[in-house]
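Down below are the structures I want you to see.
Paired with chain B in one complex and with chain C in the other, chain A is shared by the two complexes that follow.
Let's turn to the complex of A and B:
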């Protein structure tokens, strides 16, 4: 059986992704800087999560302020499966992700049906309620003392490649969700639900699908984050700051674009390393200012900025259809 | 079942106490929610900075009290100042965004950013520690229907009711109020009959912000607060708005009462974990959204 490339997959994009992944995959063999190695691992997890947030916030246009709920659910379910039932790590990750995705459907399915900002507001409540339940549900989350995960020899080092794989999968899915016919349907839903339904796009099913994928990917990110630190604690996993971070990576990088959030995540991780070290009291406010400035002056964030620069340099190249913004 | 029997077996006096508590709490919730509902009803924007302004109002009252001003006296200056803060927020930021469906996500994100900034300012000025606003009458109580009721809580309730009555009169009897309601219904027609829509928008945003700050100040006399104060208040406000429909004063009051009852009564169940109280509002929100998306009293636009 011969594999046929769907028409929306551009060979250039596939090769680009493969080259970047190959370079990153052999990178650690060339240097032995543990700090950079670990920073990159966290960045990969951050990239996967930022992209997953963007599927919902950017493609569907439903901004979530509570994705940390799924991050925590994925993390704790996976940790418990490893600890209590002795699941292998990868299977525990995937199971955690699936359960996080199902969890997001429980509250997301009813609220996504409604027009307007109901979903976004509900996410604030979900995030807060999940955090509280997580903090006090000792049996499941270990309460405020958290859970310690099994440590294998060299696990932290090898997690680099797992995280890279996760980021690559998320990137490929971002591309597929935008460029395939599903992506076109999502664009239609985002601009006008009624018109989309009139031409036979099932808004309900697609929104649920994206919500599930987004929640599941965030859940897997939570699980890998837990394995990386080999210790998880509800206040950190379910924290509001965590939910905010994905809003910021998405908006700074370019909400609704394919690769923008990945760029946003890279910048966010670097910025945080620097800011937390230098101005621990200011970083939330700086993010707020950044958010306001981006929305006011460049709603597509860095991607929009790059497109503007590109357009100025080569006005003959019509840069269209990348962002799909109104 | 065991819990159920215990609830049924409650003494009458306990039930009276719970009802009084619910009603007093509902006044605060109604004030809090009305600001959010007003802005949403007229501008079709959910003011995510609402929680931040509630927090700012709490700190303003606390700070003035440290300077020796009674919190009830500082209601007026805090209200006026936050009105102008709201106007500035609208003219400086929200005004620049596209309207309609495209602007929805952007206004959410922008106002969310503003909330983060407000939070950080409060954190820098007052640290992250919990603060309480204690006055000489904070612990005074009078007997009402056989129950001891805090004087302060009754004062909060009275102020809240007064504000709602003033709002109702403003919206139904004055030219400005009628203009606000008209803009809520159809801004395009308003420009035709000579209403300056942008001015009404600024005014509404200012009013909504002032209500949030006043609610925050009132809340500060009852609960401890810190820079993170306001996120559950935002959610509660939204629950009340969704339950009560947009802008109807009576609807808001009833919705606030429902939320307060839903929060207060479970605390009487022995063994009910108090942290779950925070989830009550959310569960109510999802239930209403699923069962009655138009609110309990149907869609009504202001009045």
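Let's turn to the complex of A and C:
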């Protein structure tokens, strides 16, 4: 069977992603800086999660403040499967992700009928309820003392490539969801859900699908985070600030754009690393200021800024829509 | 003549208010049916029930022989009943071309390439072809009404419900819109139900007119008879003019 490229996949994008991944993949073989290795691994997980949040928050426009619920569910299910049932790590990750995705459907199917701020408020409730239940169910999460996962030095080193793979898959999925014809329907739902239904878009089914994919990917991120730190604890996994961080990375990087949230995640992880040690208060304040500036001046965040600069430098390269020229 | 769309005993209650009360509609294949009445008569609610955006409290809707009562809007659209909105609702974040593609991909049953060429063809048909890579924000009201119609046509509908597509545009544009509606009927073989306040357009376009007042059907017949019906004049202007 010969593989045929779907018409919406630009070869340029595939080559670009492969080149970036190849460079990052050979990186650790050339240097032995544990600090950078560690930072990049966390950045990759952050990128995958930020992109997954954006599928729902950016493409469909349903801004979730409760995605840490799926991060935690994915993390703890995966940990328990490894510890109690002896699942191999990758299968545990995927199972954790699927269960996190199903969990998101349980609360999301009814609440996705709400739109805008009403949906967002509902997700705050879901996120906090999950955190509280997670903290009390110590048979599942180990309670406040958490769970410890198997760890050896080699694994921590290898997880770099797993995390890179995860970010690459999330990037490819972001591209596919946005550029394929499904992407147009998602944007139509974001613009006007009733008008979209009137031209045949099944809003309920598509929103459920996107929420499942988003929840499952975040769940896998939670699972990989757990494996990387070899210790997880409900207050951290389900934390509200974790949910907020994805809103921030999405908005600052460029909400609804394909790659913007990845950029947002890189900046978020880097800023946190450099600022949290010396100025823990300043770092949240800085983020707040950045958020206000973006919302006031550039709704598409850093991506919008980059597009503006590009447009000024080369006005002939007009930014066309998804459908492109034909 | 075959019946394209038929509604029997269509009713909608909002609490104690009977917005639409026991209305009967019958649209013949290849015809244009006018649905008129003063503001608040229940015309748009009727459209919502026919197109599936609002489930009826009572009554049944048939598309040809097939019952479509209570189907959700996206299923009714895929089955072939597509509406436009009185207040235009373009997808502002998509280009004009993409607006049409969404509809074509979801409704027409064509593959991607087929859906794209249908989308291009309907945009050329309504006269928006050259502007298809622009965003709807740059269009005039008449332009956006054309887009609304193009998007509905991209669904490859059998029955088109046009909700006040002429009201609010200037006389020259209104004239073009009338021509466009006739072309939709004749060239695309689509049966049409339209609500409209511009009576001149109704008189020119519709073979039959149904009049609603306060949710009830008060008259039905040819446009010329209808405008002389005392009940209709009373509904629009009050008793002393009737």
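In the analysis below, the second predicted complex is superposed on the first by the 316 of 326 C-alpha atoms of A that agree within 3 Å, B and C clash if a C-alpha of one lies under 4 Å from a C-alpha of the other, contacts with A are read in each partner's own complex, and residues count from 1 in each chain.
As a working rule, a contact is a pair of C-beta atoms (placed from the backbone, for glycine too) under 8 Å apart; a residue touches a chain by one contact, two chains touch by 3 or more.
Because the structure is a prediction, the values reported are computed rather than measured.
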Which of chain B and chain C A:195 touches, first, second, both or neither: second
Partner chain in contact with A:181 - chain B first, chain C second, else both or neither: second
Chain B versus chain C as contact partner of A:218, first or second or both or neither: neither
Chain B versus chain C as contact partner of A:232, first or second or both or neither: neither
First (chain B), second (chain C), both or neither touched by A:7: second
First (chain B), second (chain C), both or neither touched by A:133: first
Of chain C and chain B, partner touching more chain A residues: B
Footprint overlap on chain A, comparing chain B with chain C: 191-192, 326
Of chain A, residues touching chain C in the complex: 7, 181, 184-185, 187-188, 190-192, 194-203, 320-323, 325-326
Interface residues, chain C side, partner chain A - complex: 51, 53, 72-74, 77-78, 82-83, 85, 89-95, 97-99, 101-103, 105-107, 112-113, 115-116, 133, 135, 151-152, 154-155
Of chain B, residues touching chain A in the complex: 44, 46, 93, 96-98, 101-102, 104-106, 108-110, 112-117, 119-121, 123-124, 228, 231-232, 234-235, 238, 242, 273, 275-276, 278-279, 281-283, 285-286, 289-290, 293
Of chain A, residues touching chain B in the complex: 57, 61, 63, 65, 107, 110-111, 113-114, 116-118, 120-122, 124-126, 128-129, 132-133, 135-136, 191-192, 240, 244, 247, 251, 255, 281-282, 284-292, 295-296, 299, 326
